[in-house]
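Per-chain residue numbering starts at 1, and chain names A, B, C, D, E, F and G are given in the order in which the chains are listed.
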């Protein structure tokens, strides 16, 4: 991974397969308001962030549910799209 | 349960039977402004969350009243709908 | 009481008699902007709430004045209407 | 006094005589933007309020200037009108 | 002075002479957006204010520049107009 | 300097020469959205400001870049225009 | 570098090559909503900033991704354009 996130930030790669129904039809309009599934590809060091001690509790490879509107989309190359979120915008880990 | 919530988050399953009147008629429009009843299906670890020590005081199986607009709806499969809320959005436990 | 409020929350039962004039005529439109009288029916445990130590100072049976817009209305059964407020939304105890 | 305010709240009785000019003519429109004079009729216990230690420094009988828009008007009976404010909305004591 | 300000508040008497140009012509429209000069006439005790320790560093008789929109105008009698500001709204002392 | 700023405030004198292009043409409309260069003419004592310990790190004579919209313009005499900013609105020192 | 940023601020030089597609065509409208790549050219001392202890974790020469709307554009000379951001607006380091 070429991105090292700062502080309590986490780099995610969206799991686009989840954006389709079981029959495989993509429903882009309907998906807009929903939280998103993604895989963690890089994790910040945590520690003192904005005056608060933050411990990181996700790790590379975790599948997570995150709040879509909180993240920032990053396009590194034409084929690489990432989302950088704060760990507090990750709602849950999928097991 | 396939979802492990982070921090002070709690995964809820809405108790849809409560959204009907005693005679069993669903009144969807009328329900919009009201808090919701749900069952707790997963509880985050609590601890240090956003620089504050949070102790979790709900447990799996609790029936709770929560503030509807605070949560995030999650659809894992076609038959599984969950809501992820922060514990502070849970108003009371039903006994 | 079937509701156990969390944290610094308090369950109130509105004293509807107060919403009438001395002659007994209900004036619903005129009442909207005013604080409300209610009886405390359940009290949360207090303690550490949102990172602050909160001591509860109302008890079941207290008649209180609260800020109407702060609470959340709860309808448990057809005859039971409650309001859940944070203790900080209770302005005063009526003696 | 029948009202016992909570936390850092103070119950005030407005000094309506101040709302007139020296010649005694009431100017209601002109008064709207101005701070108000009132007499303190009940004082909360102070102490830990919203996670902060608050010492009460007004006492019953004090004439005070308060910020009108901060308070909540209370009508207990037809002849009793009070205002409940936080002590921080009291600007000064009149001596 | 008849006003004893609470907490970190300061009572000011506006120096109206400053609101004119050197030639003495009052320019009311032009003055609206500008900070104001005033003389300190009473100073609150400071100490613990809203959970923070505040030391007062202005004294009666100081000429100060303050942010006009932060204060509250007080009319005690027909000839006495004062402004009550928090010390943090005083920008500088004129020497 | 006749102005002694309070707390973490700093008095600046705008460097108007910077508001022109190299060819010397003033471009007032174009300058509006940009940060400004100024010289420090007075520095507050710092210390405990709004409950936080602030150390002052600019000194009289420093050329600084500041965020234009944060400051308050002061006109002491007809020829003296100053800006009072909080130190946190100073972005950088020019060397 | 002629700019010494204060506190937790960082001076960046935008990497304009990144604002083009692989074929080299600049797409200004399309770029507006995206985070930006930049090189760090100066780093503030960190330490106590706004009452919080901030450790600086970027250094001169780092390539970083930052949130475009957070920074302030600085034009020192005609050929030098910089952006001053707080370190918390830097999302990640590019490796």
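Just so it is clear, a contact is a pair of C-beta atoms (placed from the backbone, for glycine too) under 8 Å apart; a residue touches a chain by one contact, two chains touch by 3 or more.
Since we're looking at a predicted model, the values are computed, not measured.
With each centre defined as the average position of its C-alpha atoms, the distance from subunit D to subunit E rounds to 23 Å. Centre to centre, using the average C-alpha position, subunit B and subunit E are separated by 51 Å.
Annotation: 41 Å between the Cα-based centres of subunit A and subunit C. Each of the following residues of subunit B touches two or more other chains: 51. The touch graph of the protein chains shown is a ring with every node of degree two. Passing around the ring starting with subunit E, then subunit F, and so on, the chain order reads E, F, G, A, B, C, D. Across the complex, subunit B meets subunit A through its residues 2-7, 9, 11, 42, 45, 47-51, 72-76, 78, 84.
Residue ranges of subunit E in contact with subunit F, taken from their complex: 21-22, 34-35, 51-55, 57-58, 65, 67, 87-88, 90-95.
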